[in-house]
Structure formats: C-alpha cells, structure tokens
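Note that the chains take the letters A, B and C in the order they are written out, and that residue 1 is the start of every chain.
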Amino acid sequence: MSVDKDTVRRIAKLARLAVPETRLEPMAAELNGIFQWVEMLGEVNVEGVPAMTSVVAQKLKWRKDEVTDGAQADALMINAPEGEDHFFVVPKVVE
Amino acid sequence: MSDLISMTLAEARDAIRAKTISSRELTAAFVGAIEKARPLNAFITEAGEKALAMAEASDKRIAEGKIGALEGLPLAIKDLFCTKGTRTTAASKILGNFVPPYESTVTQNLWDAGAVMLGKTNLDEFAMGSSNETSAFGPVFNPWRASNSNANLVPGGSSGGSSAAVAADLCLAATGTDTGGSIRQPAAVTGRVGLKPTYGRCSRFGIVAFASSLDQAGPMTKTVKDAAIMLRTMASMDPKDSTSVDLPVPDYEKLLEGGIKGLRVGIPKEYRIDGAPAEIDALWSKGAEWLKAQGAEIVEVSLPHTKYALPTYYIVAPAEASSNLARYDGVKFGYRAPGAHDITELYEKSRGEGFGAEVQRRILIGTYVLSAGYYDAYYSRAQKLRSLIKRDFERAFELCDVLLTPATPGPAFGVGAKTADPVEMYLQDVFTVTVNLAGLPGISVPAGLTANGLPLGLQLIGKAFDEATLLRAAQAVETAADFKHSPAKWWSV
Amino acid sequence: MNAPKEISVKNKLLKGETGEWEIVIGMEVHAQVLSNAKLFSGASTEFGAEPNSQVSFIDAGFPGMLPVINGKCVEQAVRTGLGLKAKINLRSLFDRKNYFYPDLPQGYQISQYKDPIVGEGEVLIDLKDGESIRVGIERLHLEQDAGKFLHDQRPDSSFVDLNRSGIALMEIVSKPHMRSSEEAAAFLKKLRAIVRYLGTCDGNMDEGSMRADVNVSVCRVGGYEKFRQTGDFKHLGTRCEIKNVNSMRFIAQAVEYEARRQIEVVEGGGTIRQETRLYDSKVGETRSMRSKEEAHDYRYFPDPDLLPLELDADWVEGIRKTLPELPDEKKARFMAQGLSAYDASVLVAERELADFYEELATGVDAKAAANWLNNEILGRLNRDGLSITQVPVSAAANNAIIRMITDKTISGKIAKDLLDIVWTEGGDPRTVVEARGMKQVTDTGAIDAAIEAVIAANPDKVEEVKAKPKLAAWFVGQVMKQTGGKANPAAVNAALKTRLNLPDEG
C-alpha cells in the first residue's frame, strides 16, 4: 500500500480535512512510512478466522420504548457556535 | 503541607474517616501544590474553587456520618472525561470552550462516592500519543529527571497529565484512559501504578471516544491498594453503554489479601525483544524471581502473534477514530473556522485548523483503511488478527493465571526525542497494545530505577474480569520491589 | 382469479421515436417505525414539535455519547418482515455509514449493511384490470433517520433541526420487479396498507413517515426477460434514482416523466448518467440533485459501540402469532363470502375501511353490504370530503338500515332518504323510522285502498291499460305517490295485476 499526494488529497476530502497543498507530499511520506510497517500483516494466514465483531461476549441489551430524554433545547444549543431560534445555523446547503 | 499531599489514597481515606484531617484541609493542600506545579503543565483546567466547594460539602456529609467510599478525597480527572459544568477539551482546539451538559458515568460514580475534583489533566490530543506532546495545550513534563541532566522528559501518554499529577503529589489519584497503553505506559515512566481494567468493566459513557472497541477508563495511583479502591468505585454496569458488562463489582480491596502461593505466572517468550535495553530484561527476570520467592510458579508461555499486535492496532484504532471524530465539525459545539463560504469549506477548515497533526494523520490512516478497495485487505484482516491475538491469550491462560512482561521498551525519553518518526513513537506501546486488542486487564507496577535514576515498571496481564487476581499479583511485585522513590522537586515555583 | 404473474405483460411498453421500450422499476421505501422513542435514544418521536426539542445528546452526536437500542423498534421490524412473508435473520449487525452532512450530527448513520434483520420476502399487488403481480422484496433493515433543514430563513444560511435525527426507519428494498408507473404506485399503496395493518408505521407520507426512492431504467424489449433469467444487470439500462418521493399522487407521474426522459436521451444518441434526481411536482419534472453527485465512499464497518443483534426464534414465533389478518388474507375471505376480486381489493386497501365493512356486513348479505358501502357511504364521504374514520353514521347504524331493507321494513328508496337524515341529523335509524312513519306499507288492505283511490281518480287510464299493459307502471307510480312512497313496490305490482286483470309478463 502506497499513497501519493493525489491520494492524500482525495482521502483528506473524504475526511473533510483541509490539508495545505504544501503538506500533501510530506503527509504522503509519513503515511507511507506507517503503511509500509503495517504491510507485515499480509504474512499471516487468516483463512477461516472470524473477525472480532464484539469484544464482550454478551447479548445486546434492549431499552424499553419510553421517552426518557430530549426536551432540552436550551442545553442542546448552549455550546453551538451559531444558533438561532433553537436551530443550528450552517452556510446554505443546496439540495 | 507536604505530609498531607504525599499520603496514599488509602492513608488519606483512613485519616478522613478517623477525622484527623478534613477534606477541606486536604483539598486546599493539593490546590496549593497544583498552583506551584504549573511548570509541569499537568493540568489544562484547575478547578480550585469547585474543589473547595466539593470538599466543604463532603465535610458536611462526614459530620452527618454519611461517608462514601471515597469521601472527601481529592482526585485529578483526565480531560477526556466529560464533567458537567467544567470545560472539557480532549486537549484539542476543536472542542473550543465546550462545557459538557452531562457527566461521564465513571466520574459520576466518583462524585457519588464523595470524591472531590481538583481539575482536568492534560493528555495527548484525543488520547492519541505516548508522550503527551500532541496536546494543543502544550506538552506535560515528567516530574522525574535523569540524575545527570536537567533536560525535560516526557511523562508518557496519552494520560501524561494524570501520571505527572500522581507522581508529583498533585492529587491522591487520577483517572486515565487506555486504548493502546495510555494508562500503563505513563504510569511506568513516572514510577507509579496504572490499571487498565477488562474491556467493558468501566462504562465508556461520557468519555470522549477515540477507538470504541479498545478504550477503557482506569485508575492511576501511588499504590496497588489505591488502584483496587479506585476501581471498585469507577467500575459499574451502565445501561447507557451497550458494551458495558453485566457483572457484579467485587470488593477488590478485600480480595488483595491471600498472597500468591501457587499462582502460575506466565512469561511470554515473544516479549523478549532483540535490542531491548539490558535493564529492561534484567528487571523482568528480577520480577519473576520476586514472584517465585513468594510462592508463585513461573511458566514459559507463547503468544505467537505478538509481533503483529502493533500494526493491527494501528489499523483498527485509527479506523474507529476516523469515524468517532467525524462529529467534530463546527456545527453543534466547539471550534468553527471563520470565513467559510459553504458547508464543505466549513467542515474542512474547522477540522483542518482544529485538529493537530497526529490526530489528522490518524484520521487519514483510518479513512484510508476503511475506504473502498482497502477494507478487506486492511480493516477486515486486522479484525481477524485480533481474534488470533485473543486466542493466543486464551491458550496461554490455560497454563497460567497471570502474565508478567516489561511495561515499556525503555524509561522516559526527552521531549522531542521521538517526534520525527511516527512509527518510533508507536513502538512505545509494543508491550501494552496486545492487552487492549484482546480486551484483557493489565496493570503496570513500579519496579526499579535505571542507572540514571529513571523509573521502570513491570506489567501484569490478567484473565478477563479477573482483576482481583491481577491486583493481588501486582501487590506481590510491589511489595518485593519496595519502590519508595519519588522525583526530586525541580518544578516548584 | 388470476394467479400472480412473475413477469409483466407487453401492454406496459412505452413507445419512443425509434421503437418500443420496457421500463424497469425498483423501490427503496423508508418507513418510520411506530414507537414512542427513537432507535438508539430515549427522545420522543412525535411529529410537529418545536425545533430541537426532541433531541438527546446521543442524537446530536455530542462527545462521549453512546447508542442503546430500543427493543420495540426491533419488534416492529420483525413484525413488518413477517407481514412481508420474509426471512427473519436471527443474527444481524449494525454498521456505520460514514459521510458528512449537517443533518447527520454524528458524521455517520447507524444502519445495517451486509447483515440486515430481514431477508427476502414478497408483496402481492393488484392492478386495475384484475391482474395480480408478485413484487419481490430484497431485504428490510433498521437505520437512523437524519435531521431536517429549513432553507428559507436566511439567504446565505440553512437552519438545522435534529428532532428527526435518530428516529427509527425501516428501509424496505424491493427487487426490480415493477414494469409500469401503475405498478409502482400500486406497490407503494399496498406496502403502506400492510404496515398500517400491522401497526408498524402510520404511512403518513405528508408527515414524512413514509418516503420512497424510486429507481427507474429503460431497456429495449426483451432485455428484462434476460435479466430475470440470468440475474445480470447488464441487460438493463442505467438506472437513475428519484429520491424522496413523498406523495402517493406524484409517484406515477415521476416515474412516467423519468422513463420518457431516459428514452429521449437514449434515442437522441446520448447515454444515461447514473445519478440521483428529485421530482419537482410544480413543473412535473425530475432534475439532477447537485449535492448528491459526488461518488460516495461510505466506508461501512460494524459499529463498535453495539453488539450483534440476536433474536430468539421463539420470540419471533410469538410475534408471528400476534399478526393481524393482512390485506391478502382478508381479501380472500371477503371473496369467499361472495364479493368480487375488485370489490374485495377496494375494501382491504385501508384497514379502517375493511373493519368498517366487516361490522357493516355482520348478519347481512355480503354483497348487499358491499354495495351499500360503495354506493351510499363512499359517495357521501367523497362529497363531504371525509375519510372513513370520520363517517358520521356508524357501521352499526348502517347495518341496521340494511337489515330494515332486508326484512322489508323500508324500501330501498326510503333507506337512502333515511341515511341522508341520520347523516346530517344523527340519531338511531330505527327510532327515526318509527318517529317519521317511514315504514314500508305492505298491508294489503292499505294497498288495495290506495289502488281503488287511483282507479277512481283515473277512469280513462284504466281503459288505456287494458290495451297497453305496460301502463301498469304509471299506476304503480301513482299508488306509490298515494302512499307517500311507503308502499312496497312488489306488493303494489302484484295487487295491481290482480285488480286490473293484467296478463302475466311473458
């Protein structure tokens, strides 16, 4: 696995991270250092090995269908960088 | 003053119960010490006023005979735990001035038991690091320095602020979180005790998530007994956390009694690393001797997939983190970059400016390994390796009850010494990461000093939910090591 | 009765400039689960609340928040799966679907990707000409709904309301088995009826509790058959998705427009670009959705905050036992009682209508009840702009009227008048009949007397009728008038024939 600066640009877009143009190459180099090291996992024979989908051997607990939360518009908005009339405000989104 | 702050948690607890000291007295002593210890940069938020108010309330309860398990005891909280009404930053610019309107379950458990909050300790940003050098609030300095040098050393990470606070007597104990070693490694390089419980033992509700299947809260303390006391209160079954396990919490303190006669201690041969400092190996062997002298049986075991653990971790953890950190977008809370013309720019700028370099690196790694075409080769494969690593431990535990290993590949290193190459930093977790991948409990105990006076620790790994045996074995190491050292105070203003 | 067809017939082709085309339609329906609280949080799901007043910190993606699943939502999904005759998967997984959008506060949606809770099933749809089609269901899975936008508050901003964020949705995916806009509309209508019968979704499209994403493609004649035989999508045309069709009225129109648009493009030498489109009902066209154009890499992976969803087979069976009678079974039962396929399907389309009908038909002839419902009640409801749940005269009261017709207490005509009276004034029909003397006159004495009165008043007509027996009808009319419309027409006819010595009808 090897990434070039175009790949970094694409991945940064997917992750909504603004990476300055000048940082793309150095970032690609840093990532490649890490990916090269990770390559060794390819040595292992994982045929028939199940993926670990849960760390705890327990059944998923179900909640009762009761309204126990919400009704806290003020608390919800108090940390909002921009809010109006209990709405979160963002730059116009065209759908 | 210094007598008060150098007490262990157990000693302070007994003194408070015996009413020989008040919580207010004790708390004021720590608040004063914290103010004087600012050069260490262990705290992001000092909560002196709140602490004294909590102490007074505690003293009132004590007067009424209502004494909780941790009544009146001042603690430091890693700034990854959401504390209601007190700013929580995850050591990142991106949380801005976020003040949580809710409390994490673990800290709520502490307050319900009567404890007092001194403040929020510094950490690597979003718990990503092993040296507390990635914090947006500046690095933390290890209270320990090499005997022949004035150079600042790292306190380990990510719970570097907590480990420094405990080692510098700025609190009786602290909370940390451990995803790849972030409690055990800093504890080891600051000469103190750090316990990561079994995954699911402590609730993750209200803890800023890094890697959901690996994160676990735990105590960082001066002694093993203190860790047992703290764990009993921190642990609980939490209906608000689907991964919280429904098992009763034993009285860990009581279960420390009994000694370790007949305990089978496994020595995993793959933890012997070529090129590791001789001191590490020597201490490890000494540790085995100590346990043997107390009646334990030493058994050599094998954990064949050990060398794949770090690369596995560096796929799984960033993948989960890349998704967990998507919520930091400048919309609902935290930092919003000014001047964005559309929503995409808002996201990109806020996150680009709000997240530090290491966090960005890990988000990119995680996004990449989950992306189309790579999922099977990397994430899916890594999850299978986890199964193999877990299986290794299960097989080893058929032959032993606990495992003994080094805690770190070396003592505390200089600030800036390992920041050039990310992989070099990642290697700090070589002994600890396996434990998180398998979801098992692990503890580091101070065991000795290097030639130039820096602490080294030993790690013990236990069976799932068998913290009782783990703590008992840890106490046996502690007793034999008789590590009575404390750092020389260079930092006091 | 037609057996359900697998592949639809030729008369659904569309004519283009260069020849005939087949349409192929698949649908993904998002049905909001009927529950008090959301899928992974305890916030309320009620419609129409003040902005951001039904939002848990979990729904808003705050730091450290974790999902805990609502058991009722699981139950509703299983119930729906059983109603779709589908396979219930006893083990399923929740996955994170990662993407950035302001209505998605976590930056990911908790959904189900490779291991959904419900597998393959089917829906039978009835078409106007009596044809029945089987539309396959691919799967049903549970997922979180997203929040809502307001775009018109400020010119350069959008407002986000997270009340809807985290509400449980069932995504029901059909197989591409629909071949015309009529079939698409009928499928959605049937699916809506099924979930309303089951009580798992209220199907209120105008409140957004049911929305459809419709996939449309066109291909040359024969392509679809090849696809059904091989399962290879290459035999079909490139499909476009019409997103969020939220009105039953527009679904057929949207499909028609899109199919014709695609035919025009291809016949004009162009190629169809696979894209997401929106139906604009004001202009009757679909248009490309700018924001959805970039390719999405959702990076699905199992949600590490949740464990696999495991269902107990006995528990699923328990739910199966509590299922109500569904539209298809009810239709079959009504047909066995004597109703036509068409009449039965109209009645079962809405559970309330079917229930009303059953109560109406208690102890009376099924066809008579159906006719009464269709001719008298539905007509009046339509006229007054009411739905069956708002009918001013109860099923029991209507049943009483029908009984009075059957036992000849009143005539059919009087019955209609009676219905008008109780429709506007209320009251018990039997009481009204008594009070206003609306009882039908069958007493032969009274009838004979009325006949004598008419004969006496019209001697010339009496002569005429001897030559023209058909004039007897005029006499019947006169006698009815004489008795204020209350005489039983059949009895009048019989008595007149005897009195006037009319020949028997041949």
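Some observations on this one:
Heads up, the rule we're going with is that contacts are C-beta pairs under 8 Å (C-beta built on N, C-alpha and C of every residue); 3 or more make two chains touch, one makes a residue touch a chain.
Source: prediction; values computed, not measured.
The chain closest to the protein's centre is A, with centres computed as averages of CA atoms. Taking B-C and A-C together, the chain pair joined by more C-beta contacts is A-C. Averaged Cα coordinates give subunit A a centre that lies 23 Å from the centre of subunit B.
Work out the mean CA point of subunit B and of subunit C, and you get 59 Å between them. Computed from the mean C-alpha positions, the centre of subunit A lies at a distance of 41 Å from the centre of subunit C. Multi-chain contact residues of subunit C, defined as those touching 2 or more other chains: 57, 60, 68-69, 100, 102, 158, 160, 297, 299, 306-307. For subunit A, the set of residues touching two or more other chains reads 14, 16, 53-54, 56, 58, 60-61, 63, 72, 76, 88, 90-93. Taken residue by residue, subunit B touches two or more other chains at 98, 101, 213, 239, 242-243, 322, 326, 329, 331-333, 343-344, 347, 367, 371, whereas all remaining positions touch fewer. Across the complex, subunit C is touched by residues 14, 16, 53-54, 56, 58-73, 76-77, 84-95 of subunit A.
In the complex of the two chains, the subunit A residues touching subunit B come out as 1, 3, 7-8, 11-19, 27, 30-31, 33-35, 37-38, 40-42, 44, 46, 49-56, 58, 60-61, 63, 72, 75-76, 78-82, 88, 90-93. Here subunit C touches subunit B in the complex through residues 57, 60-69, 96, 98, 100, 102, 105-108, 158, 160, 297, 299-301, 304-307, going by the rule given at the top.
Those residues of subunit C that touch subunit A in the complex are listed here as 35-37, 41-44, 50-58, 60, 68-74, 93, 100-102, 149-151, 153-162, 278, 289-291, 297, 299, 302, 306-310. Remark: subunit B residues 96-99, 101, 199-200, 213, 239, 242-243, 245-246, 305, 307-308, 311-312, 314-315, 322, 326, 329-336, 340-349, 351-353, 355, 360-361, 363-365, 367-368, 371, 374, 377-378, 380-388, 390, 421-423, 426, 439 touch subunit A in the complex.
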